[in-house]
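One chain, chain A, links the two complexes that follow: it is found with chain B in the first and with chain C in the second.
Coming up: the complex of A and B.
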């Protein structure tokens, strides 16, 4: 079977539509993962043992099970208990929750890396817990985490094809549907692969830059 | 009344396929990890280039796309694969690329003095690697290999999309036949989690065994 450029030109508009959804899902998923991760990290540090244990176990469970099954769970099981979600929303929630448990570890490491002296200084300045977090700890903890967070967001981007399993019309699903319409798998699937490869090679450059810019921890 | 025992048998069959895939994929991944990881440390530019290209390619595109490529596109160039072969190939090559970086990092983390000791003892490059560097580096790799194996276990769920009857696929079958979504999906989530716990427990006990007698040596 030979590569057919005319066919590539013909299917390009459909694939571009898929790319838009892929990027949208990645962006929304990243925002959700960043927020969920912070929530998990803070809950695990909570003095309330019951809360920190429960959240710790839940995060461990989510990290130990496949994203695909979690997506099925959100999309097919939740309607049974009355929560009906559109595919894209279910997909974004799945991505956000799954990668939130990974970013939680990044936050944990980042927070642990803030020197003890900063906590003591906050106490000495008579800041309460909320002020300590928002003015002292988080501003210092975030910059060193940025490269690691970006790494997970890129990993999430590469997982978005899984959303096609719950009928989100992202790039992979569009490629599969054109492939099934014309019975040509070579061009669509190769283009999807090439697209992901190009984006992730670019993201390697971006990551290197982020590491240079934010990666250094000041001591 | 639904015949749950029969359906549970189906899910157990799926669990066996998942375990089989995880084991075979891990073996392939381990082989590829050492080949590519050592390749990146080679003296020869061409070997380094091939290893780097392999790693960047398989880390840069998602496992889902690679699996579809192996299953739908390779037959077009005359390489017919069964779903099981395609699954093992894609999983092993994908996770092998991630693990190759672990191998490289671990070998590079072994101190200069060990290399100098090899030269002082007149060991060849291969002998020094085999008897001095790798035994120490392997202990450094082991915990990350455990994480990689869990990633591989989770990635096996994707093979259900190329009609291989693993856990996720069987859960879909049960869902289609009973109309119940909650029970099958919850069951397989728990099974995946137990398998992940088994892997991390196995790796930890292997690590303890291999570390015996090295207490004073390791930092």
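Coming up: the complex of A and C.
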């Protein structure tokens, strides 16, 4: 088992293509997860019991089933009812929905942490429900939860190799394809690990900074 | 004053928290411009009635009228129906409240705390809202801190900003819920001075829940003594503080004086 630097140089451009797709899928998935999570958290607080229950059950269902199964479903089963999605789109939807059910819990905690007095002051100022959420509650709830959200986004990043199962040409898939072509697994798979490690470590540094910057709100 | 109509009419309202009956058939009337002090032991219902007037708590029974209009009910075809949110929002315009723990919006600067509600709820333009806010901040002695964040202020300063924020909506009735109770003793006076100024410069009706008996005595036109969800005794400050008739009032005042409060 010899490490072949020439082979590394040869496959690097292909792997870098994969890294780009991995990062793109993570970023889009994070945005979707952030939006879906907020939607779930708000729906579960709705006075409309039918809405809050339905969304609650749906979130519980998504959280209780594996992401890989959901990805298969979105990519291979939905076409049966006429919904045909490109691989990357299907992957981003899968990541965003799945992690949205987790970020919803972060939002819930963040919203619960806003003191009751803020709701009361908003009412005494005669703000309506929408104004109270958008001007008072959400702006105070989000900064303290940015580190927790970022943690989920890093976890999501490390799960993107699952997208190779639905033919997304992300890093893992590119590595597998070069490995299968040249019958050499050592370099491609080692490099996949290295790429993930480097990006994760950078993300952790960013996360620590976010914690210092947003971890607490001054009252 | 006897010919004028009351601005607040509370009729036989009751309110329970679980098994605890905090208000038990409470009735009271407040005349326009009247300054009322609500005193009594904790749990007697004095804060609850303020919170009910601000619609922060719902009543279990009874009626409240503000300027002759029902607060929690709407009249439709001669019937009294529970008020919807729109009705409540319209009624809330008449009322402002200042809280024990200030409840400033910590993510907004002092001036933004004051301009937010007029801009959002009354559609006031930013320039006009800021001009008005600066006048109000000047009135409470906080104009030089307009750009500061609430976390940079002392308790007394926060409370003065909170008063300016409530004034910005030009309520006819202002509710003060133990506004000096959370302050260090040396900061109480600066807030009470602002209340004196409001009294002199505005014609708002003011309801104060307070433990500052000396201030209540000097400030109020009328004092209501609450106990166990009812008004046990009411009258001019001198009558209540110097010559209380009811045993429970006497016992309460004795306890307060023993605790070192000035009457």
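Some notes on this structure:
Definition applied: the second predicted complex is superposed on the first by the 216 of 219 C-alpha atoms of A that agree within 3 Å, B and C clash if a C-alpha of one lies under 4 Å from a C-alpha of the other, contacts with A are read in each partner's own complex, and residues count from 1 in each chain.
Convention: a contact is a pair of C-beta atoms (placed from the backbone, for glycine too) under 8 Å apart; a residue touches a chain by one contact, two chains touch by 3 or more.
All of these numbers come straight from a predicted model, not from anything done at the bench.
Looking at the shared chain after the overlay, A:31 reaches neither chain B nor chain C. In the superposition on chain A, A:80 contacts chain B only, with no contact to chain C.
Of the two partner chains, neither chain B nor chain C is touched by A:16.
By the touch criterion stated above, A:196 is placed in contact with chain B alone, chain C being left untouched.
In the superposition on chain A, A:127 makes contact with chain C only, while chain B stays out of contact range. Between chain B and chain C, the partner in contact with more residues of chain A is B.
Across the interface of their complex, chain C is touched by residues 115, 117-118, 120-121, 123-128, 131, 135-136, 139-140, 217-219 of chain A.
Those residues of chain A lying in contact with chain B across their complex are 1, 61, 64-70, 72-73, 76-77, 80, 158-162, 165, 172, 176, 179, 185-186, 189-190, 192-193, 196-197, 200-201, 204. Considering their complex, residues 54-56, 85, 89, 92-93, 95-97, 99, 101, 103-107, 116-117, 120-121, 149-151, 165-166, 169 of chain C touch chain A.
Residues 56-57, 59-62, 64-66, 68-69, 72-73, 76-77, 150, 153-158, 160-161, 167-168, 171-172, 175, 181-182, 185-186, 188-189, 192-193, 196-197 of chain B are the ones that touch chain A when the two sit in their complex.
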